[in-house]
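Input: one structure, supplied below.
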Amino acid sequence: MRIGVFVCHCGSNIKATIDAEYIAAQVQQDAKVVHAAEYPYLCAEGGQQKIINAVREYQLTGVVICACSPRMHENTFRKTAAKAGLNPYQIEIANIREQCSWVHKNKDAATGKALKLAKAAIARVKLALPLFAGESAVTKRALVIGGGIAGIQTALDIAEAGFAVDLVESTPSIGGKMAQLDKTFPTLDCAACILTPKMVDAAAHEKITLHTYSEVEEVEGFVGNFTATIRKKARSVDMKKCTGCGACWEKCPSKRIPSEFDCGLANRTAIYTPFAQAVPNVPVIDRATCIKFKNGRCGLCADVCQPAAIDFTQEDAVFTQEYGVIIAATGYQVFSLDAYGEYAYHDSKNVITSLELERLMNAAGPTGGKLQRPSDGKAPKKITFIQCVGSRDITRGKPYCSKICCMYTAKHAIAIKEKYPEAEIEIFYIDVRTPGKGFDEFYRRAVEVYGVRYIKGQVGKIAEMNGILHMQAVDLLENKRFDTTADMVVLAAAIEPSPGAKPLAQMLATPMDTLRFFSEAHPKLRPVESATAGIFLSGVCHGPKDIPETVAQASAAACKAIGVLAKDKLITNPCVAKVNDKKCTGCGRCIDVCPYKAISLESNAAEANPALCQGCGGCASLCPSNAMDLNGFTHKQVLAEVDALCR
Amino acid sequence: MWKTMIERCMQCGRCSAACPVAPFMDMPPHKWVYYARNGEGERVQNAGAIWQCLSCFCCEARCPRGVKPAQLAEEKRALSNKVVLLESLSEHVIENMPQQLLVAALRKAR
Amino acid sequence: MSVKIVAFCCNWCSYAGADLAGTSRLNYPAQVKIIRVPCSCRVDVQFILRAFVRGADGVIVCGCHLGDCHYSTGNYHAEGRLTQLFSLLDFMGFERERVHLEWISAAEGAKFAATMDAFVTQVSALGKNERYRNMYTKAGAQNE
Amino acid sequence: MNEQEKMRTRAKELHAAGIIKQVLAWEAGAFPSYPAPAFFTKPNAFEKIVYNEFCTANLSKYVINITEKTLIFLRPCDAHSFAQLVKENQVKRENTYVIAVGCEGCVQVDEGEARDLLESCRTCTKTDYPLFDEEINTQNNPRESTNKAARFAEVTRLDSEENTARYAFWQAHFSQCIRCNACRNICPTCHCKECVMDSDHPLDGQFYHAIRALHQDGRCTDCGQCSRVCPRGIPVHLLNRKLIYTSNK
Amino acid sequence: MQSPVYTCSLDNVTQLINRIAEKMPVYGDFGSSKTTLSPKGFFLPALEKLYETAKINDSYKITPAPPENAPFVLLGIRACDAAAIEILDGVYLNDPIDPQYKARRHASYIVTFACETMGANCFCQSVNINPAAPKGDVKAWVKNGTFFWLAQSEKGERLTELLLDLLERTIPAGNDLLPVEPPDSAPALPLPADMLSAFNAPVWDNLHRACIACGTCTFLCPTCQCYDISSHECTENSEKTHCTRQWDACLYPGFTQMAHGNPRPSKKERFRQRFMHKLVYHMQKYGTSACVGCGRCVNKCPVNMNIVKVAHVLAQEEVNAYV
């Protein structure tokens, strides 16, 4: 073991309060230190060259650099060591600037401490083993889970970069919530005009494979080497033969099934496509309500189908596939309003949620775009909107602001006023939050141009009496309680993660916050990646956001995923846990402590997967027999450092 | 004294909207919390509204932030030395006073 | 003889906090010597006990605030393990004030310096760590 | 105590039926009140099986990494240790055939005479058997909740005292410690192949007791063997009980 | 010339002890039974400092620890411990002589005391030691109310001279000189028929499993005499080191740990070595087994393993599970 010690002056930052010569002299008393020198600027070109020459001249096997914090130049000096032919992990840095010269004025105390820190670093480098970054292969294929605008956008971007993508959607067609919308803010252009071209591109793109009416059942592996098991639920229709002519759902006798796509405002048949522009435009037989599956009679759809695409015997198809990266795009659902009896949502048909209003306003919707009261079909003259129903509520609802309601309520108000100028619209709000680009101007147009009445206050109670909705409300600016009536009430309900998110997060072992949104690795440093390497977040599954932000984040997630797929080999961090299987008794206590589930029991001894392990060391310090150790921070090294500092 | 959580209030007004007696009050419930929070407790204490409060707790049930206006009213009533004398209520009033109001009033009467 | 303090600082938060105390030229006693660990959950009970037996008079472990850990749950494990250690040390009669666990973020340079100041004064009040060395020797016996 | 007869007959029957290859139980020693744990392979030796209040050793640790199918008799404290070992993959459940036996508590033996009930039996709160294949009069485990208070009485008493008083208490005990490691070698959950105190800290015996207790944090089944076997009578089980006490809180 | 037997009444025995205590430190008393710890600690302390080294600029100065030769008296030593001390003398006072042991041993006066009853797990008679006739510098015993004192060595006489004014020469009527003989309760400890073949006896495989290798028996055994020498750095300043000798046990894994490994890798070999040394090897070299039948190991063994059972099993007398 031949160690070289280099003490930096850092100009005057260190030299001012630490006697560098004294340290260089003192460390030579250690028999293993064969060379010690000091230099004004070690991080500069000249300084690094001095180190490289010394390594070659004295055949050094370990280098200690007493200078600034390792968080500053650890990588620089590792590259210097590599240039000199030394293993980059056989250098140690003693932080004698930020943690010594800058924080202790007294020269003797600072020099004494610096010498101790140098000796500690020497003790560490004596035990530093050469470490080699591991490599793991990358499967050049991505898996996007969730076929809404987020999933579609991410899939398109990754495919554009030339990588194969599997897009898995649980409902029979991609499109997600956006397909249900009528218009979008702030430009009021129609949702379908933006979405359907992207859906068709996604279906047509040779790099993208669509798996609709399918679910991911199991995911194993780690970044670059995921294996997913996907179940393609039986559609009972042969996708190759079906032309989407629609003869089957015309003839299907059971027509009274509430359509999920239309939020129950209209009905669908047992064999159905969710909406007209569905992609793929192939129907699905809902086996729970189809008479053929319930008691074996009927089968009309098979009779009328020329291409004979109907196949009642079709089974679920389960297949496994390798992936390099996985992107979660599971989107959101409307928060259930069961806890809010005061709004009479379940009692009166004329109290609806905003999503239901989208369907009523949509030309392809149940009323063909005519705004009608669901109870009697008349056109409502007076409509009241109530904001923050379920949002910003820590007792019965969600503590967060759902972010998109103020904008879509303003959009509804404008859209209604455009079609029915004489309609009277009141909106009860706590604060109108319109922070996006062109958003506030849009909201002011609703107030100033279309004369929508915004009331700062709340509705306490709604009761429907002979067709009229009576409301108890308060106006905070008037500071008085008053009663009012309306033909229809629209509740801006909160949004929450879709039910599929929680099981998916458990499958991917990615952290989730208490509200079941995926947690990002770091809000500012890594906003679209999850803490688990190789898993990326796209769209509302990470948190409430509107369509412009969703698309932006979807592309960001795609770009990060492409960053991984573009590499042939993934360099794994060498400072990972490693097991001495002669000492390991296989008790398995380390397995549960690992946040990355990197440890598994192989033939009665633990094993840490270097690609998954991030090197936190929780397992190493839990292991009673010191069998589990952490490269770079081994038990022996830290103990040697403790001894050196305490002597 | 009582845990009224008034610091959590975001002045959304749902308590006043929900309060059955609010139209007849000189100061609606959301104002009690507003003044209490700004340190003007006496204004609430001297307001007639706290005596009109039926203690039906609709405000607390509907508050999205878990604030307790009814308990704030209870606290103010306890602080004030006003007393509702039972005999001052006429026979007629007692007969057709809503049962809930009678119970609430009696509970406050000392 | 002044007291010796060993501080285990987690690389992502408290070590960065210590560096920030440096860049802001704050001051804290020189007896504090910092050992960098990837996460507060890397601090093994044997490191702390070894430090005491080898002559340290105080050991402080710093980590990220709960919820901010770079490894998501590291500091929760550290807190669980160290609370058990501290309660056992107190039970065995060692001064509980010689050990301390503090959450310091990368932005809290001032808090780092203040925590070190307070800890050094607290340990200096207790003086040298005789109890650790004499635990196994009869008070009078001299066979060390 | 007729468990002994039933144990012997069951052992013979199971061996004859080829279900088990060997039996682990207590065997009468050369001196009457000193029965020792022993493995019995020959049926004719099953007569030597003995079960009385002097059988103080906890048998669960002897089955670690056992290869042949073994019949083992477990009392409530042994059964909990055995369950912990199964949980930590130290013994394959299918290699063992477990018979739960009733227990009225064991006695400390000194100079041939029986002294009072073992400390761990006096404060025993275990009357259940986590896993077993058969039972022999397990109904007569008398101890009910009466011992719950006694279990942590000593811990709370020490806690209430001054820190310096506790130090004096432990110094008086630990200065007697001869580091024979009996407490480590007898403990069922202390099954490292090589103890860190020997490999990494040969010169730092001072924190041996703290490390031993902390390594059992969350695993210790409070069977009391560590204090029973200490030749110097140091109550090391109190350290483990303190950890259980704080983690329960 | 055999020195005469002295007597005194029971109540002024304490006077005797105080008189001796004025001259030199006295340890032990004429208590009811043998001590829990054996007296070997007085000659071979559990931990003693052999020498210190100090680094002076670039050379080393070694200062050996001063020999402890202050005289002291051990009272109430039983026949088994007295025999044990003789066994230790056989090892430490023959070539190569151990200076520390020799200094302490020559400074010691052993006053033994005859046993009238056998302890619960004593079996000294099985190793042909007569509990009523202990060796030692002075033999003392009590017989129907009178305390007898007989010097048996030159050191014993020197000790007796100090007490002449307290002791009488007269023998009370009807008393013969011999102490009471306890009945022969335990059968002789069998020794393996063929000494060395016991090493390969198949019984060891099963016999060793109960033992937890805690070394308590070696710690308490009056004749166990193995030690380990190691040098340590003074934690205060690293310029000084000291070399210490401390008790070791053949049962510990580190006992025969060598550079290439450990010739006794598993507990079985170490367990076998303990009893082979006691019963066979010592017998071959010194003609007597190294076990004095004091029964301390039987009493304190946590898993109730003991030398009597091992001896019987080795001698194949007892056919049981192990064979």
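Order of writing sets the chain letters: A, B, C, D and E. Residues in each chain are counted from 1.
The criterion applied here is as follows: contacts are C-beta pairs under 8 Å (C-beta built on N, C-alpha and C of every residue); 3 or more make two chains touch, one makes a residue touch a chain.
All of these numbers come straight from a predicted model, not from anything done at the bench.
Common partners of chain C and chain E, by the touch rule above, are D. A count of contacting C-beta pairs for D-E and for A-B identifies D-E as the more extensively joined pair.
Chain C has the C-alpha centroid lying closest to the overall centroid of all protein C-alpha atoms shown.
One inter-chain figure worth recording: chain A and chain B are separated by 46 Å, centre to centre, where each centre is the mean of the chain's CA atoms. Between chain A and chain D, the centres computed from C-alpha atoms are 50 Å apart.
Per-chain CA centroids place chain B at a distance of 65 Å from chain D.
Distance from the chain A centre to the chain C centre is 36 Å, each centre being the mean of its Cα atoms.
Shared interface positions of chain C, i.e. residues touching 2 or more other chains, are given as 45-46, 50, 54-55, 81, 133.
Among the residues of chain D, those in touch with two or more other chains are 196, 200-201. Contact of a single residue of chain A with at least two other chains is seen at positions 635, 639, 647. Those residues of chain A lying in contact with chain D across their complex are 582-589, 601, 604, 624-627, 635-636, 639.
If you check the complex, the residues on chain D that touch chain C are 155, 158-159, 163-171, 174-175, 177, 196, 200-201, 204-207, 209-211, 213-214, 217, 238-239, 242-243, 246-247. Contacts from chain E toward chain D in the complex involve residues 33, 46, 119-121, 206, 209-210, 212-216, 219-220, 232, 247, 249, 252-254, 298-306, 308-309, 312, 320-323. Contact residues of chain B toward chain A in the complex are 8, 10-14, 16-19, 22-23, 25, 28, 30-31, 58, 62-66. Residues 27, 29-31, 34-42, 45, 48, 54, 56-57, 61-62, 109-113, 178, 180-182, 185-186, 198, 203, 225, 228-229, 231 of chain D touch chain E in their complex.
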